[in-house]
Each structure stands twice: as structure tokens, then as C-alpha cells.
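Chains here go by letter, A, B, C and D, matching the order in which they are written, and residues are numbered from 1 within each.
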Amino acid sequence: MTQKTLDKPSAYLSEATLHAILRAMLLSRRFDERAWLLHRQGKIVFHASAMGHEAAQVGAVFAIHRGVDYVCPYYRDLAMMIALGWGARALMLDVYAKPGGISSAGRQMPNHFSDRRLGVVSTSAPVAVQVVHAAGMAFAIKYKARLGLPTPDDAPRLALTTLGEGSTSQGDFHEALNWAGVHTLPLICLVENNGYAISVKLQAQMAIRDVSERAAGYGIHGAVVDGMDALAVYDTVYEAAQRAYNGDGATLIDAKVYRFTPHSSDDDDRSYRSREEVEAARANDPILRLRQTLIDLGALTAADFEEMDAEVRSEVDAAQAEVEAMPDPAPEDALADVFAPGRVDAWQS
Amino acid sequence: MTQKTLDKPSAYLSEATLHAILRAMLLSRRFDERAWLLHRQGKIVFHASAMGHEAAQVGAVFAIHRGVDYVCPYYRDLAMMIALGWGARALMLDVYAKPGGISSAGRQMPNHFSDRRLGVVSTSAPVAVQVVHAAGMAFAIKYKARLGLPTPDDAPRLALTTLGEGSTSQGDFHEALNWAGVHTLPLICLVENNGYAISVKLQAQMAIRDVSERAAGYGIHGAVVDGMDALAVYDTVYEAAQRAYNGDGATLIDAKVYRFTPHSSDDDDRSYRSREEVEAARANDPILRLRQTLIDLGALTAADFEEMDAEVRSEVDAAQAEVEAMPDPAPEDALADVFAPGRVDAWQS
Amino acid sequence: MAVMTLIEGLRQGMDEALAADPRVFIIGEDVGARGGVFRATQGLFDKYGGDRVIDSPLAESSIVGVGIGAALAGLLPICEIQFADFIYPAFNQIVNEAARMYYRSAGDWHVPLVIRVPYGGGVGGGLYHSQSVESLFAHQPGLKVVVPSTPADAKGLIKAALYDPNPVIIFEPKKGYRGIKGEVPEGEIVTSIGAARVARMGGDVSVFAYGMMAYYAEQAAEMVAVEGIDAEIIDLRTLAPVDRESILASVRKTGKALIVYEDNLTLGYGAEVAALIADDGFEFLDAPVRRLAAPDVPATPFSHPMQDFFMINPDKIAAAIRELAAY
Amino acid sequence: MAVMTLIEGLRQGMDEALAADPRVFIIGEDVGARGGVFRATQGLFDKYGGDRVIDSPLAESSIVGVGIGAALAGLLPICEIQFADFIYPAFNQIVNEAARMYYRSAGDWHVPLVIRVPYGGGVGGGLYHSQSVESLFAHQPGLKVVVPSTPADAKGLIKAALYDPNPVIIFEPKKGYRGIKGEVPEGEIVTSIGAARVARMGGDVSVFAYGMMAYYAEQAAEMVAVEGIDAEIIDLRTLAPVDRESILASVRKTGKALIVYEDNLTLGYGAEVAALIADDGFEFLDAPVRRLAAPDVPATPFSHPMQDFFMINPDKIAAAIRELAAY
């Protein structure tokens, strides 16, 4: 722990927190690997991976007020859900589409996350819509402060939203960031830039190198970060979060990552990228990088890592065993929850 | 005509062309004034003005291949239509909604221009949609060239599209310019920036000063121009046109103008801007500025201008007299033209 | 009771809501100093300030999407779409997001959003300032869709929409904004969403309509009354959820159903009403289920002769009632 | 004649069009090297190159809007929307622009655009990979909407759409992409837009359906045939314009109409068919006009028990036929 003198926020992270970051990434990875296995075994019908994105997702979440600030994630954010507080069981409920699933009780495909208690807004599939919701939530934060509405001490103070670089081509991305600029909103828009939108390469998606080049056009801040480096992501998002908390507006972050797996279990990526490319990228594994960083810092031993790994693996095992045995939703559950009952006052949040 | 030594394309314009530019602006103005009068007299039910935008519209059109290159205009572009070849009669048919109207034979409100022979695509009302169409037309130009499809010598080589600054907030604006960047399209997007979207000020629309600051985010060129100076607009659009013709891609131009009138005949601008502001802006009249420039250049006398003015006024008078006397569309015309008949081959353009 | 116009009823409803609950705010194009292009929000900016009555950027998807986010965060937004014709850019946010949020989160998140949308023709607005788009939204489970045709319902429905924890779209018949006048009770009134209104009792023919067409249908009923035809006029008022019972009760009584709407015939809202009657009301029917609607052309033409040809009016409704009565 | 799957029919149609006319090109997400997420365009990128089979940015409004512009400029674009659920961002371009261009320019500009859209449920796609959205578009005059339910029609309709000078949307029942097989004539075949297909002649009950539901209805008809119920199956095939005559002719014969669609009941496409029959076919009717459709919940749930509850299948159709036959 010799880096404390450096002027980067991650240098002040406690060993416990560093371990928590690493553990979230590792649990995500082990769950993710298991899900592919379950898919191959025909036990689940769909999965989409965070593999390669873990540092970006976890590093970001640790830099905000976790579980309090609003989060509008996208389908690839399973490591983010873990960083926010989910365990393997919650993820398992989703992939098995069990009635107890927090996200949707089996209504939505896996990866369409939701957890109101953690401030995580229900994810749909049409891309980029969540960026507008996040702008609206950030708007609400500012509105409440301005109007002096009663807000608990631990109220959300920013909204974090994520999307893939391909999804930035949507009009909604533009409209949301424009609102963020006009209203100086406490918003962080984190682009998990893996260079592909399913098969479509970055170059077919935009004529610029960094998505953050668009920030200036909205009068907001922009940043680029190595999304395979959890602590670098932490530092960048931390800075963006301070900006948001201090009323200095929104930040658009381009986090360079790589998707180690096909787009989803429905995809076959051989038609559009070479095995060599994938192998080369896999060498830059964000988990192994953080492991090494922590070892170099003296904050972790190889044995610690093995222990942590064994522990998360058994969490995944236990979750699978428990959830697999659960009953499926009742068919008629399809009819529930079309309209919220009651009157608005009862819903005060 | 002493400026020919300056390195600006407008310095090479012939006296006849300079007169044509001025005349188009003047005819637009006189028609525009008449339309407001007709509206007050209850003879027509709607009008929206180009007053204050004439230099931007006419200067732009003279810098492209007029009547050949594609144009996707917006509702404020009446001076642009004149520059493209329309007379007062064509505009009059639209405001009176007569069956002979080129734009729509009375189907659309006035200001929803269309003229296929001039390459002008039918304008609708939802803002910014035309920017995407223009990108598609620019795409078609490039496609035909790449595929070696037979194109006449006088085929369009670029698409020019216009919109107000408020309309740049729409997602379609973003999506269109992104295509232009990705495909290096021969497109010119001219923003007629009058600082208001009906009542909404620029500052409520975007957190930047110049719309063209967005160009970099799409990997296209950006430019700002004094939109009250016809020759400056000509120069800027000329450069953008050369870029398009040469395969060097698209340009986003922010032309600073002012709307001298309310948004339309349905608007009352007193609620949102002061009379002082409007009067001050009117002092910077683009027509009087060009008149003075040409007089200074020795390309026009005050008497020339008076003669030109008398001539355009009588064109407006004659158009009104003729069109007012025409019969309205037959009620059942409402049923025609739902579907184009025939097969696609017959439609080859 | 005060007599006021439909738009005054709306404005009063919003005014009272803004006064009563700081969570309520308005966003939309020109809703601020300009008071809206129809003046629906006139005076509210001066009264409540720019923090509560907010001019948005010109971008409908974000007007609704920001509204959704704010609603999720506990506020009560009223989003104004300037004309129904311009609601399509927000279609994805309304249909895929607002309408599905409660269902997809299994009741965890809800979206108490109100969307106000002036709609309808006969105002010289041409293809893009006249559209009736309600059937597209009444088709979406998870959305409530209401249409006032009286000033009291204008106020009562906007209140009901604000109290509803679900997204509610109010389609406002803009031709009636100033033309439709009526009494509005003082203070709090809430029109219950899901209940039709019997605008006129009658025994010969049932006419189902809403918005401007309900207003016209009442006029048409008076025209045919002097000829001895007794039409019952049902103002459907809430299109989603629809009041099946009131519809079927009326058809049971008259045996004849005419549905009037100003949208295009094919798959306009009246198609569902006709289909519902043709199934559950079949045994009551003494005549074909008739629909009177705009022809299937892309939208209302601008020129007056064409517009009048396209639009439904009291005379056309009276003629359709007569024809059905004579069946 | 070759036997092929529905998706092969589509692909062959596109392949022949690309070969025959250089104005034809394809844009969409992943249509290039990937061959589309369903492989509808597989091999076409290799055969015709990246200038003709073009991966677009991930932005549906621009996929359609660029298609409109290219069509206006004389090209013949085929725009692929990856899933029907993602068509809403393009709603404004399709409805306000493509559908109204010819009308609003009084016939001056036309938009020969083809939009391909995989739709429908039963594929484990949950709320956002299962939607049926055809009624929203069949409601729009100026748009043609077709739905193949056989490989021959898949090819014939894509050809017809390409030859049509108007915008045509092809909704492709994705669950049948590989499951539906059939003979496809060699070479040029064109299915006429506006004509329904009598998939099975029968005298007891008329069943109107399209896409996967037409395929299922044929199966259901065989199930009830052994019980002595003779159902006529009409594959509507072109939803706009609709084939009124074929619908009415069938009802005249059987006196009983069942309309089957997998969209939500309320204001799904079958509402229009029911309404049409309840008016022009009223005198032929011996029974209520029945509709069998998905319940009015926001969209298909993911979990299999719930999905199966939501979806229409041959058993449910057979049960509805039996019930109507017994009326």
C-alpha cells in the first residue's frame, strides 16, 4: 500500500474495499462461466456475458454511493449488479426465470436487471432508452433540491447509466445528454466500449475514436479510460461523481473494454472476428490485472486470491443447487401487474 | 467589383448572379409581407416567414448546383424556394391552397414545400426528419457512383438540408449526422439559427454556443457563419459543397440569423421576447446589407434596387390576382394519391 | 358552478395540482413563458416559476423519457406533447418503457406519468396538425388513455390522471378547447378512469363516441330527435380501460350501434368497440354494427373543401343515425 | 419444385432481387458479415459485397429514414429491423414520412421502400423479442403490410414488395423461419398484394389468421376435422390493403367467424376484421364474431409456463373452433 501519496482517489481505498472490488469481479466471472455451462447443458435458455467488462462495471459502482445513487444499467451489467450488492442467488433466479427473481419474477429475459431497493431501474431491451431515464432521475434529484422537497440524508445524489458504444448511435443518447448539458444534471454516462455491436464494428458505428469526443457538443465533461483497469475506472468515475455531487454537471466516459464471449448465447462470433483477436484480448484480463496490481501493492497474496475464488465458486454452486430446485412461475402469473393499484399518494418514495 | 483578388468564392460571382441573389431575397421578402397582409385580411389561414433568414437561404442555394442537387428544406425556406427557381405564383398557390400548387395541391399547410423537378423533397412538419432523408439521398449519390449506375451528367452530387437550431435537439439530427460521418456523405446540413424555437431560447435547447461544435463528434466538418450576410453564407456553403463534390464528406453549418416576425401567423411573440430586441435585430436586415454591399462594390445603384423592388412587387400583385381567382380543390380530391400505382420499374429516376 | 371552456378546465386542474403538490411539474415545448401554443398552461409559469413549468428542448422522446425518469424518482410530471402528430418520436419511450415498466419489474417500479396531447382535426392544420392517434395507445396494455369532451371531465380527468400511479395519456380535442363550454364544480373533482358517460339517454340507436365526436353526436341526436329518432349517446371518455358494461348495456337496450371517430376507419379505436359488440353484444343486435370515421387516406388535408370532406361533423352523424334507425 | 424453409424463401427472394437490379440493397444491424441475427441475409454479403449489404449504425430511425432518402433518390432499399420490438424508434419515419410522402406531394414523390421485420412470440424472447406490432402499421393508409405464412409467399411477397412503388412492411413470423417448410417454385414468383389465400376450404366455421397463426390454424383444422368440424382457413396474408371480398365470401358460406392473432386482443389486427364482418357481413352471421388473441398484458413473458399461457397454439385454436361450431 505504498501508492497513497499519489493523487488518485483509488490510492485511498482500504484493503477491504480493494478485496470487495476484486471479489465482485470474480463472482461475476464465475457466475458468468457457470451460466454458459448451464446453457450448454440446456438448463437455461439465454445468457449474455459481462466477461471482459468486469473492471469497468465494478470500478464504476464503487466510485458512487453504492445502493443509494440511481443506476440505469444495461443488459451486460451483471458484475455491476454484484458490485451493487447482488449475490449469485439473485442472478441465478433471473437466469432460471424463477418467480422469486428480483428483476422481473421471470417475466423478462435474464440480464434485464431491476432492483428498486438498490436504486436500479428495470432494464428493457431497446438500447439507449435508459440514458433518458437516468437524465430524468438526475433531473429529479436537482428538482427536489431546488424545491426543498424533503429528502432523507441517504437520498440519491446522482444517476449512473451505462450502454454499449453501438447504442450511442440512437437518438435517445443524444437527447439525454443534451438534457444533461442544458440542465447541468448530476449524471454519469458510462459507455462500455467493446468495439462491437453484436457483429458491427466501431468504425461502422461512428467516425470518431472516442465516444467522449461527443461530450463537448453537449457542454458536458468527457473522459476516456482503460476499462480493463478497475482502479483507473474507479478514479475516472470518482471524479465524475464529485462533479455531479458538486453541481458541476454530467460526464460522458468512454471505457475501453473487450467482450471475451459472443454477444450472447444466441450469437456465434466466428463470422465477424478472428479467434486470434479474441485470444489476444483475453490476455488482458481485467481480473488478473487487478489481482496483480493488488499483489504488487501488497494488498493481496496469491493464496488470498485462491481462497476468494474457492469461496465465490461455492457461492455459485449453492445458488445453483437452491434455485434449480425451485418451482417455475404459475402460468397465470402472466396476468398480474398490468396496472399499479391505488392512488399516487400511497407511492411516495 | 474590386474584391476579385480576395480569396473568397463570392468575389467571383458575376453581377448578374449578385443581382439574382438580391432579387430572390427581395421577392421572398415582398411575398412574405404580402402573405401577412393576406392573413390579416382573412384571405389565407396560415403563413410562416423567412424574414431575416433570406441571406442564409439564398446564399446557400446559389453555392450548390441549383435545381439539380437535392434539397430537403424546412418550413421557413421560402426564400430558398425562390432561389431554386420558384416565382411568387408557386408560393401563392401554396398559401391559397389551390389545386395547382406544386408542393401538395392544397393538401399540406403552406410552407411545406416540395418540387421534384427541382430536387426539393416534400417537407413535413415533424422537425429534423428531413436531415435523415438528406443523408439517405447523399448515400444514394455515393452508392450510384460506387456501383457505376448510369447517372446523367447533370445528376445531383450533394444533398443540402436545413433546419432550425431548436430542431437539432431531436434524435434524428444525431442519427443523420452520424451516418454522414460514418459514410463520408456529400451532405450539407445548414442550421438556420435564429435563437428561438417558437418561444424557447437557445440556452434551453443546448449548452453550447454554436451548433457546429457538434460536428467534431460525428467526424464531419463544422462552420459558423453570419447568416445575415448572403455572400458570407455563399462562401461557407461553397466550401462545403466543394468538400461534398470531392468526396470529403459532410459539413454542419451554424448560420446565425434572426426571425423578424413571430414564429408563424399562429404565434404572438410578445410573451417571450421584447420589442426592443426585435427592433435591434431588424436593423441588421440581410437585404439592406446585401444592397449596400453591392452598391459599395459598384455592382448596383440605388435606382437599380428601386427598379428591382417595383418589379418583384408587381410579380407578387400579379400572382395574387391570378391565384385568388382560381377555384379551390374539389372535396373528393382528398381521396386521391394514397398509393402510387404501377410497378417500380416505371418509376426509374 | 362556474361555466368555463374545456381548456380552462384543464388549466384549472393543472393549477390546483401544482398548488397542492410540489412533486407536480410540467415539461414540454413552449409551456413556459409562452403558456403553450394553445395557452393550456397560460399563467402557470408566472405563478409557479420556471422550476415547475419547464420549457424542454425540442425532442419528444426525451420529454417523455425524462418524465419517466422523474416519475421513477418520485415526482409527478405532466408532459405536454405539442400536437398529437408529433408524439411518434416518443413512441418507444411511451410504449416500450412507460407502459411496460410496472409489468416487467413485477410491480417493483411504477411510472406515475401524465402525458397531455392535443389531437384532432377540423382546425385547418393539414396532415401534421390534425391527427388522431389514440388507437395506437389504447392498444397498449399498461397505458391508460382518456379523452375529455366536457370542461368538467377535462378537469376531472387530469386530476384522475395525476392520482393514478400508472402512465395516463390525455388526448385533448383541440378543436373543442374554446368551443366546448360547460359547468365545472368548484374545487376537487375526479372523473373515474374506466367509466363511460351517458351523454344522452335514448332507446332507438346507440352512438358511441368521444372527444369532439361525442360533442357532435349530442348535436346530431338533437337533430334527429325532432324527426322522432331517439338516440342514446355514450361518451366513452376512457378508451383504456374501456367501459364494456356501459357499451353492452346500451346495445342491449337499442339493438343498434353506431361508433363515431375522427381517425381513419381501419383500425381506428371504433374497430375495437365494434368487435367487442359483435362478440359479446351479438345477441342484442338488430342491425349491422356501423362505423362512421374518416376515410383511409394518410391524414387530414389542409384545404378547406378537402378537410370538410374528410372530417366527421354533426350532419354526417345525423345521417348515419337515420340510416341505422331505418334498418 | 424445391422444398425450403420460410427464411430460405425470403433469402432467395432477396438474392434474386440483388442479382437482377443494382438499385436493390440491404441495410440493417448485423445484416453484413453476420448474415443477420436470424441469418436471413446469410451469404448475401459474401456474394454482393459490403456496398450492397450494409451494416448500419444501431439506430432504427436512421435505418428507415436513410432508406426513405435513398428510395426518393431512385434506389430500392430493403431495410431490416432486427426485431419488431425495436421498430418504435422508427415509427415517426415510417408513419409520418414514408406512408404520407406520396399523398402529401400529390403524387410527385414516391417511396419504394421495403421494411423487413421479424415478429412474434413463442421463441423465449420475453417482452422485447416477441412482439406483434402489425396492427399499428396496418392502421396507416399509405403503407402496405404483408405477412407470409408459407415459404412460397415469403419469396413472392418480398418480390411483390420490391416491385411495389409504395412502402411495404413485411412482418416475418420468426418462429416459423425454420419450422415452416414448403414448396417454392423456381425463379420469379410474385404474390399479389391485396389477396388473401384460402389455406383450407371448409363449410362450418371461417378462421381468419396470418403468419404463424395461419400455420397453426391449419393444424387446428385438421384436429377438429376428425371430429367432423369442417373449418375454412383464410390466410389473410396482406393485412393492408385487406382482402374484404375473400373475408366476406367465407363468412357468407359458413356464417361463423373466428379471428386468430397473437397480438394483444384489444385493437390487435383482428379487431378490424371483426368490425368489418360485423358491418358488411352482419346478415350472414349465425354466431358472435369471435376473436382468439393474447391477453391484454404488456407483452409476452419470458418464463415458459407464462409464455405458453400467453401464446396462442393449435390446441387453443381448435378449442375456439369447436366452441364456435357448437354455437
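For the reader, a short list of remarks on this structure follows.
The rule is short, and it goes like this: a contact is a pair of C-beta atoms (placed from the backbone, for glycine too) under 8 Å apart; a residue touches a chain by one contact, two chains touch by 3 or more.
Note that the structure is a prediction, hence the values are computed from the model and not measured.
The chain pair with the larger count of C-beta pairs in contact, out of B-D and B-C, is B-D. Farthest from subunit B in terms of Cα centroid separation is A. Annotation: 40 Å between the Cα-based centres of subunit B and subunit D.
The centroid of the Cα atoms in subunit B and the matching centroid in subunit C are 37 Å apart.
Mean C-alpha position of subunit C lies 30 Å from that of subunit D.
In whole angstrom, the spacing between the mean C-alpha positions of subunit A and subunit B is 46. Shared interface positions of subunit B, defined as residues touching 2 or more other chains, are 104, 107-108, 112, 124, 126, 169-172, 175, 178, 182, 204-206, 338. Looking at subunit D, residues 56-57, 59, 61-62, 85, 88-89, 92, 96, 100, 103-104, 127-128, 141-142, 296-298 sit in touch with two or more other chains.
Every residue of subunit C that touches subunit B in the complex is listed here, in rising order: 29-30, 32-35, 37, 55-59, 61-62, 85-86, 88-89, 124-129, 295-298, 301-310. Within the complex formed with subunit D, the subunit A residues making contact are 45-46, 97, 104, 106-109, 112, 124-127, 166-167, 169-172, 197-200, 204-206, 266-267, 271-272, 328-335, 338.
Those residues of subunit D whose C-beta lies close enough to touch subunit B in the complex are 22-23, 25, 51-52, 56-57, 59, 61-62, 65-76, 89, 92-93, 96-97, 100-110, 112, 141-142, 144, 162-166.
The residues of subunit B lying in touch with subunit A in their complex are 169-175, 178, 181-182, 184, 203-208, 213-214, 216-220. Contact residues of subunit B toward subunit D in the complex are 70, 72, 101-105, 107-108, 112, 114-116, 121-122, 124, 126, 129, 132-141, 143-144, 146-147, 149, 156, 159, 171-172, 175-176, 178-179, 182, 336-349.
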